[in-house]
Each structure stands twice: as structure tokens, then as C-alpha cells.
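Chain lettering (A, B, C and D) follows the sequence in which the chains are written, and residue indices restart at 1 in each chain.
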């Protein structure tokens, strides 16, 4: 466990956040806990640019967060609109179907962004407003594709459609720009183990006032995930059950740290690191899964290997021989891509070390790449920007 | 945060378990994770004496565990039988009702055990077997009452009734004897933060083969809590979503530690500590909420204060003036009892320190107790048994 | 390792200090280290009330600090004046003798304070100023006796004697009042593991300008402990060899914490805790080794047991049966006293827990004490002062 | 503090060793401490291949260890023979001179090994055996040069000279082969923060029976560093003063880990990593300070930069711009070399990351190196050996 990980989450954790989470037992009915909870929620609101939202922190995961979103706002048989263009958008659709929702699925290539134009057409056609919610995956972790949430909002507005806009920001929030209020998002979902650089264990969700209002009429059964209980107890600094005190304490410190660095600086840092990784891929003659530069994720790069080559072998070899973890391709991308996670805690040095290991694996496996070539391409990017980044911080 | 806590969970955590949980990020799709998961599950099976069960570890809480139990085995409108004799049995009933189940409630005094004879009468009368599940709270954390689960099994057997037996062992498992197989339990539920002495964040559930079979026909919607996904992925050393790796690692070490000490020794230790606390209460002239000695919990003592005295003042004063946390009375016991949690990590010295603080608070608040009297009563118990405990360990 | 310790050092360590010490490797030639070192030294100066001093932090122990004091200021054959009234004053004398110094020893009972009047007589008689240094043990850890350092300074002044005043403040500094400048101290010595509540590993010494001047002519050989090398490199934020970075970081935080609480509040806290322990001893019918109340140490109580009883048995039993550490009698007090260390991190609850264990041990061993009696006496003290302490802090 | 360090000590610390050091306060007069001490000493003996030696663990540093070596075996005016070929051999000579020893200095170029032939000539000429001790620096941390200690022993034997052989193994022991018994070493010195991968704070010294015998007649004053006190108390599981309990616990685990991996495997690992770093230097067209391959250290590489270029600028830039620490040139090598420490905890990935940063710095500063070239050269070495290393471990 001596090398950093390059999976697209859980991310590497800074020691100060690990320590913030690992605290002795604290009475969760004490004022000390209440004094952690309120700023943790406020921090999340600031990171999401969601001033008007209510934030909820469930002892769960991002998947639990999806369930929070739908079970608190929808009723059995409700129609929802969703695009499928990667494993995680696929899974959210599956979750909706298993809750008895009627999902209108817009299929798109894995590597494409969310097709806002097709959303607009469908919403415009839905004159009776049978569609109650629109799902959008901001950053498809499986493909390394970021989608334009503002465009989804524009589609809703152009159609004059009242459906709620539910956004999966699991692998974007905290590392890439996210504008809950400006984009007119109704529910955003993330987890503790991504941009907040904490251990897994928290579903972090924000509800707009419209989403809060929808909870009253929603008929899907829920109890553990019921935000009515959560909202009522949270207001008194309490929880409806035993809260994950350490993670909430960690979340307070994580959001403090992101805000202290400055969100723009955080996003620029991830863009800079990601640019180096993409330059390396290009130097190796490999292309990204993401179809065009505007779709490039700043938190994860899914890199395609040549036809006939099993990309998973790279990941397996890196783990077995070089003790280093990368992500494999998922679903229909299995064997076609490997993934380099550069979200959360990542430095120039760390990114270069990950690229070095990938080069050794690819050479070992007979891919025609030149050792050091990807590293050199990333070094050029990092050299060109390191000094400027320092100056900006000063 | 320098003093131990005496709340009835989360418990004090031994440092070796905190460290087992606080590990660097590990790829949850690696064999290293699989090698933690299997022994953690095996450890739970051994602690529950549930050789035939399947164990599931959800990133959630005990409340989530209740939801796992019912949503995977029941269908909307199903009838369940449950006793209400404390806050936690009340809450489980509430959870069932919110999932659309039809709960036949047997009311019992808060301080009484589960009335197995009334269960038997109801089950015997249910000739058509409309009751699909029987709920039982092994240890009512609110009242400090342990109930006889074997008697519930006998009631089911005497009635020749096929209902599933679902048991809440949240505050007993790991600290008090629990016999999943012998008592014919179908589902048992606990959390990480009680007898396993870990941070909160895990719902730990065990399913009997009959419970597993029931999952196929259960119609309550579930996805995050669906044990079918969990069972399928777990079998490959994986999870349907991001697992709480640290907690699972901790659970492996916690069960190793309990089994190394010997379950009988662990249970004897808790009985011994609890006896001291009860002797102190008696020396103070106070009685337990539990109605009779056979109902005394070995993990939490709910102690009644004199009529007209607000028991919560003791808890408030202990926190404010002596920086020490105890539990308040909940629900209809609010103001009538305070609770001393002695589950998880607790030594003679720690228990005596908690009693010392309680004495100061009670004296400060004008209760007619003699300082040192409860401590002395507990000391007598601990002195008489300390040497023997050592010898047994040797 | 679950119970606190009650040895008179190393003390219990607050978790925030353990974490301050346990940091990843940091380049000790970096500015980051320099930025820890300067405030750590400034903090020590403030805690010692030694504004004019130079502070040095050696990777060593208090014993090493004694050696720093004499080897940097004295020459072979130099005469020093020292009282022997406990094991630690005895050891410092021994260290001097092994360095070839000529020690004029003033014997005093173990339990008495330093006899300043006899110092004055000897110093007055030393017309030729052959005595180059006067040693004084501020707090004799072996006997629980605090001595009057101001009186030693007055003795020197009354005699018009220029000898340096070297003070062992190992078990007082940080927990009891210490006035380097006001008392005219030339060198003070302590360690990291006492009032600063850190792990052992640092000798902390302060030199007055006169002591600094004496380093030029001192002829005792030294190299590792040479403060000339230390002073020169420290001035540049460096060390003459590898510094104990973590301990220095911890020292910065420890002094910050003591100063934030307020030194008077810190001293009052120790006096308050110590008063409870003494009240307990009195309730047990036992007397302190310290001969009179003005000599009572606020950091350690050496408690005499009845003639014919081996006090060490209490300590042995506490460790073996109750997993709790106390101090034994040392040297001529072996078997006659046991010691309760209440320096560093200690709360009401912790002190009461230590007293509870002692009572069980004494009863087990047949001493005629009443269980709970010492606890009750301490509880009375703590109750009477707890509220006031809170108010002062507010 | 997110990047590894590449200074030649203190090294990066594995988390399990940090945790072994960071333990709660433990009574250092308890059997628990004695049970740590004996195996820690035995572990050191095994790592040093010093079966016949006595091992001592002082709360100090390597410099303190040098002082332990000479002050316990020599008397004022004694003659010692020493070579000066780097900053650390220079400093040990200085320490001897400040203790009043008469040092016969053999000057050699910084970059050369210890000239055993000149030792032999001098020892042969010393018919009256005025030379009491011969000093040898096994691994010159300043120059990255390993010397042949067996050759020094042969020189002593050829001359039939009884002088003690004192060896500085500070930066070799635990990472490079060291044969105390076979090489006829009388005293070996190291510190905790190098091959044992612990925080600084321990001087680790081993004495042969001949060295132990010499302690009786040695007249240099010592007290803190007196091994007679240490030997006597250690024999009872005790210390003459407060021991650094955490570091001793860490040392036990560190030696356990080295022995479990196998010393040959540990040494091969360091050779492998070092080969990669040297291949990178060669690819950059830079030469090592060490004059020939037989002198190459496996723990630190001192790399010369072109004439007219200030090597320190690389180190400064790496720290300031890329948050990464390397070693500067010391003494007469200041500005001429930079140093890459690869001792202690170091993986392929980590070494490659350090090389990546160096390349960026050199390019930034205008040195004519090709980005990626050094990385590629090291990758070739690591690829060629990684699989074989795995197989050996299996």
C-alpha cells in the first residue's frame, strides 16, 4: 500500500482528511456534533454553488444518493427521462426501473455526451407533462465524458417543461465546476470518496426548494432514505439514526480546504493534471474514449487501446507487477479502455509516476510505445504551467 | 474528547480497531479487498453462531439493516407481528408501516421483555398464515431489557407457524450471547458501532436459507438494499457499488479479536461490568427500568430516578461540567431514566470512572446519594471477580 | 492499553499532540522545518517565563538535559553545590561526579524541600567563589516535593555569589508555575514527556545570557551536546544533525495549547486535581511523603503506606489485575511509598478512576481502607471546584 | 506533504512503522516494555549480522552514536586513525578532536573510497600500538560512496594491530549488506531514520566483546551515553532514564519486516532501485560523484552537474515549484552535486516520480537534457527486473 492509486475513485486521501475522519467516539446527540454538522452542510452548499438548496448527508454511497433522489420525489409509475451513454448512467436507469418508474431512455454512444437536443425534443413533445424527472450524468466515470448540464436546463426551459432536473455529480463535484443554482438543478448527488477526498460512506445530496416540495406528494416507499425525517432531525443538530460522525467531520474539513484553495484554483489544478495525462495518451498514439475535446473529463481519462489488444491486461499487470491500481473498462468498454483517475488528491509528481508505470506495462505487453514518451509530453505541460500556478496561489 | 463515553453506542473504540478502519485508499476491485471481505463475513457468522447464514455488509446503519430485512423478504400489505416495548422496537414498527406493511402490534410496558406467550397466541390463531414475519428486539437499548429469542422461536414452533423470525440484535450482538442457528433466527441485524466497537457506517445482516429463499418472491422495491445484487457481487469479492473498505477491514479485525478472546469470555466480561453498574444503582437506592433481573441487559442499564426529578439533568450536567457523555431517556422514558452504556470497550477502571461522575452529578443536583457509595458497590463486584477473570484468561 | 497511566511521567498524551508528532518525513533542511522550530522555541520561552533565554531542543531526555547544562558551562574540577533529597537530585549529583566535578552535597531528608538556608550559609562561606554552579531540583519526582527556587536565588543574592543557578524543572515545567527570569535562573531543564504531554525524546533547556557567556570558557568535553553548534545552526533554522522533527512540531502545538488555556488556568487545573488525590490519601488515613503542605507537588503525590507494608505490592497489583500503571517508590523510598502522577493530561474522571483502582488494590491487599472513601473525598473537591473552573474558562 | 521525499535520510516511512512508533503512553518500567526491548535488540543484531554483539539504543541520533562509540572506549589523548573523504567522515573526525583525541587523518578525494592500503601502511608502522581505534565510514552519505570494510579488517590483521574497528553504518545498515561479525567490527553505529525507516531519535550501536572490554579502561567522561549504565539496566528490561518507547517498538517491527522480507531481498531491492537512478543519470549525460562502479552506494546517488552550473538550484527548484525534496551537495561538494536518496521505503513508481521531477527542474534551468530520457533509462532497468523480483518473492 505504498503507491498512490489511479482509480477514478475512491481517490487518494490527504492525511489531514484521514485524521479528520478518524476521531474518537463522540456523543452524536451532543452540541459538539451539531457544531460539525451545520458547517459540513454549509461547505457542501458552497462547493456545489447551491445557496438555495438543502443538503443531506446519508450514511450510504452515491448509489444510495440516487435512491434518495428518486424515492423522495417520485411515485410508482412516474415517467423519467434519462440518457444511457456509460455504465453509471445505465445503473441509475436500472435503479429507477427497479423502483417501478417508467424510464424513457435516450441511447447515446459510450463516449458521447448527454444529447440535450434529443431531451428537448422529447420534453417538447410531452405536452401533458407525464415526465416528472429528467436524469443527467454530469461526468460519466466509465467513459471520461463530461456533459453540459446547462444545456439540459435550457432544453427544459425551451420546452417549458416542469420536470425536476436530477444530476449525478458523483465524479465531478469538488474537482470540476458545478453550478447547482445557475444550472437550475433540482437534486445533485455525490459521494464522500471522490472530489471530497474522504473514505466512502456518505451519500451527499442537495435538494432545491422545488425538489423539497415534491417530497410531500412522492409515494415511493422510503424510510432509511426519507429526507423528511432527515430534515426534521438535522434542524435540531440530530439524526434519525446513528450518524457517521467521523465522515461528517471530514466533510467539514474537506469543504473548508476546497474553499480555502478557491474553487477556480481547484478546478484549474484538475484541468492541468488531466491535460498532462491526455498529452501522454496522445504521445503514445492512443485516443480517448471521449469523442471530442469539449467532452474531456478533468477527473478521469478513459484511454482506448488498439483493436485486438485487451486493455484490461495493462490494469492487471500494473497491479500485479508494479503494485499500482488503475481502472478497467466497464460494460461495453471492457477490454477496450483503461482508466486513469486524476480526481481528488493528485500532484504533478503523482501523475507522472502513474504514467511511468503505464508505459512499463504497455511496453511489457508489446504495445509499440516509446518509454518516457508519455512522461515527456506530460512534463512539458506541467513545466509550462507549474510556475504560473504557484504565482496565482501567492 | 479526553474522557470515555458511556452512551449505549457508538461505543468506545480500541485504538487497534480505529487504525484498522483508517487505511489508505485500496482498490475495491483488487484481490486485496476480496481477501478482507471473506474473513469479515466469516467472522460475523462465527460471532452470531450463524454457520448456515449468508452475511451482508451494507454501507448504512442498523436502521438500514431493518430495511434490508423487510424489503428483501416481504411484499406490500404483508402482515408482520411485532411487540412495542421501547423506542427501538417502536421505530422498527414505524419503518414497517412506512413500507406499507400491516403490523400487528403487541403493546408491552417499557421495561418489560417481549411477551412470547402473546406471540404464541396470535400465531396460533393465524391459521391462514397471513403473518409473514415476526419481529423481535433482542436487546431494547432504550430500556436496557433483553428478551428471550429462544422463547419466540418456541412460540412459532408451538403454533406450527412458518413466519420468518427477524431479530434486532443491534445492541446485543458481540457483547451478549446470540445464537442465530440454535434460536432458529431468519434474519439478524446489527451495526458496526456497538459490539464490534467500530465507527458507525455498516449495517450487518445475516440471512438464513429460508430468508434467502423469501427474497425471490418479495415485492417491496429495493435497489441499494437489494441483497440479490449484493450476494451476486460479493461472491466474486466485489460490491454493487463502492464498499466501505476501511470498515470491512475493521470488522475482520474486530471479529478476530472477539473470537480470540472467546465469546464466552467476552459475554462474561460484559456481565461482570454490568453487574457493577447495577450494584451501584442499588447502592444509590435507584432501580432499573428493566422489570426483573432476568431482563437485565449486559450492554446498557437504564436507571430510573425518583419521581419528580428530571433524569435528563444528570446527563446534561455530566456533559457540561464533567465532559462525560451518558444516554438520556427516550420517548416515554424521557426524563425518567438515564442510561449507562457498558457495551463494546469497557474496563473496570472506565466503569468506575463513569459511576464517579454520575455520583457527582446526582449530588450536585440534590439527589440524596452518598458520594462513593455506588463506586464502592461496584468495586466489591470487580474485586471479587477480577482475579478469577485473569486466571480464566491464563 | 485501554486505561490511562498514573505514572509521574511520561504522561497521558492528548490525541492532537500524538498526531502533531506523528507526521510524514519532512526535509529537515527545508523552510517548513524552520517554520516549526522558531515557534516551538518561542513557546517554550513563554511557558518558562524566560523571555531573555535561549532555548535548545536536543534529541535526548531530561538526563541529557542535565548533561547539556553542566558540560556547556563547567570545567573539570569545578565545584558545584547540590542538595540530595530524592532520587532525581541524587542522580544529577552522580552525573556531575562522573564528569569530574567536585560536588558539595547538602543532604536533606527525602520528603523535605531544598534547604535554601544551608545553601546560603555555604555560599556565604565561599568567599573565593570556588563554587561555579548551584543545582536545584524544582520538583522532586521521587518524593512529590516542590522546592522554593526563589529562595535559592535569594540565598545566592544574599551571599553575593556569582555561581550559576541550574534548575531541574523536569516534572514541574508546564504543569506548575515556573519563573525563569523572575527567579534568576541560569539554566532550566525539562523533557518532552512531562508537562508538554509529548512522547519522550526531547531534552528542553533554556540558557540565560550569563549561562551562554559561560559556554565560552567551559572545558568539559562535549560535541553532541554542544550548544555552540546548536545555537549556530538553529539560527539558520537548521540542526547540527538530524532533528527530531515530529517532536519539535509537537512541542509547538503543546506550548500553543498551554498558552491558549492560560498558564494560570493550567496550574490551577493541576492544583485542583492534585488536591483531590491528596484528599483521598487523607481519607484512607495515609500521609504524603512531602513533609508539609507548602512542599506538596501538584504533579505527583508520593503516598506513604503503613510500616511493615510493602507499597510496591499496590503498584504491582494495579498493573497485573487492573491493567493500570502507578509509580513505585525509588531508592530509599522503595516499598515505602507509591506514587500517583497527575501531571500532563488528567481530568476529574481520570483521577477518580485511578483512585478507584488504588482502593481496590489496597483492599485486596488487606489495608484497612473503606472502599469509595478516597473517591468520595476527591469527589467533594472536584464538585466544589468544577463549576468555578468552567466559569473561569468562559 | 503529499509527495515522497528523496533526501538521503530521514527516509519515507511506511505507515505500519509510523503506527508502531505512535502508541499511547506505556509504563516503561512494565514487563510490556521489556517485551519490546529484547526483540528490538535481537532484531538489530540480526540485521547487522552481529550475533556476538551487545546492542544499545540511545535516545539520540547517529552523531550521538559516534560519541557513544568513542567516549566508552577511549581516553583523552588516545590516537585514532581516520580517513576524510566526505562530510560525514569529516564530522566524525571533528567530534573526536573535540573530545581531546589525537586523530591521524588520511585525506582522500571526496568521491573516493576509504584507502585501506594507506591504513595498512600506517598501522604497520605503528609498532607501539599507539593507535587505539580505527574509524571507517561504510557509506559516505555526502558522496554516495561505499567503502570496503572487509579490506580495513584485512589491513588491521595484516599489520597485526589490536586497534578497535569503529564503523559508521548510518546510511548503509538495513539497506546494504553489513557483516559485523565477519568483518571483525568492534562498534557499528546507525540511526533509526535510515534503513530502519523510522522517525529520527535513536542512536543504534553494537559493541563487540572487545569493545565491551574496552569500556572498563576508557577515561573519557560520559554519563548520558555511558553504556555501563545502559547495559546494567537493559539487562533488567529497564533504562537508566526515560526510554523512547515508541521508537523501540517501531524498531522491533522494522527489523521484523526486514528479516521477513529477507536481508538479501532487501539489499537486492535497493540495488535494483539505485541502478535505475544511475541509468537515468547516465542518460542525462551526468556522472556520479563516486569515482568507480565498485564504490556506488545503493542508498544515495550524488550526481555531478556540469561545471559552471549550481547544482543546488535543482534542489531549490524541486522544493519550491514541484514540492519535492532532494539533497544538496555538502561541504566541498556544495553546488557541484545534487543527491537522490533511495534508501528505506522506495518503490519503482516512487523512484520514477523523483526522476520525472528532476528532469523538469533541469529542463527549467536550461540544462541540455531530454525530458523523459532518464525516466526511460530507469524504466528499462525496472521492467527487466520487476518480474524476476516478484518470482523470487513467491
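We adopt the following convention: a contact is a pair of C-beta atoms (placed from the backbone, for glycine too) under 8 Å apart; a residue touches a chain by one contact, two chains touch by 3 or more.
Computed from a prediction, not measured in an experiment: that's the story for all the values here.
> Out of curiosity, which chains are bumping into both subunit A and subunit B?
C, D
> Measuring centre to centre, with centres taken as mean CA positions, what chain is farthest from subunit C?
A
> From the C-alpha centre of subunit A to that of subunit C, how far is it in Å?
Centre separation, subunit A to subunit C: 54 Å.
> Using mean CA coordinates as chain centres, what's the gap between subunit C and subunit D in Å?
35
> Could you give the separation in Å between the centres of subunit B and subunit C, each centre being the mean of its C-alpha atoms?
46
> Could you say which residues in subunit D touch two or more other chains, in rising order?
1, 15, 24
> Help me check something: in the complex, which residues belonging to subunit A touch subunit C?
Subunit A residues touching subunit C: 15, 19, 24.
> Would you tell me which residues of subunit B are touching subunit A in their complex?
Result: residues 1, 5, 7, 9-13, 18, 21-30, 59-64, 67, 76, 94-95, 98-100, 191, 193, 199-201, 220-226, 240-247, 319, 325, 328 of subunit B touch subunit A.
> For the complex, give me every residue of subunit B touching subunit C.
On the subunit B side, the touching residues are 1-4, 14-15, 320-324, 345, 347-350, 352-354, 356-357, 359-360, 363-364, 370-376, 379-380, 382-383, 386-387, 390.
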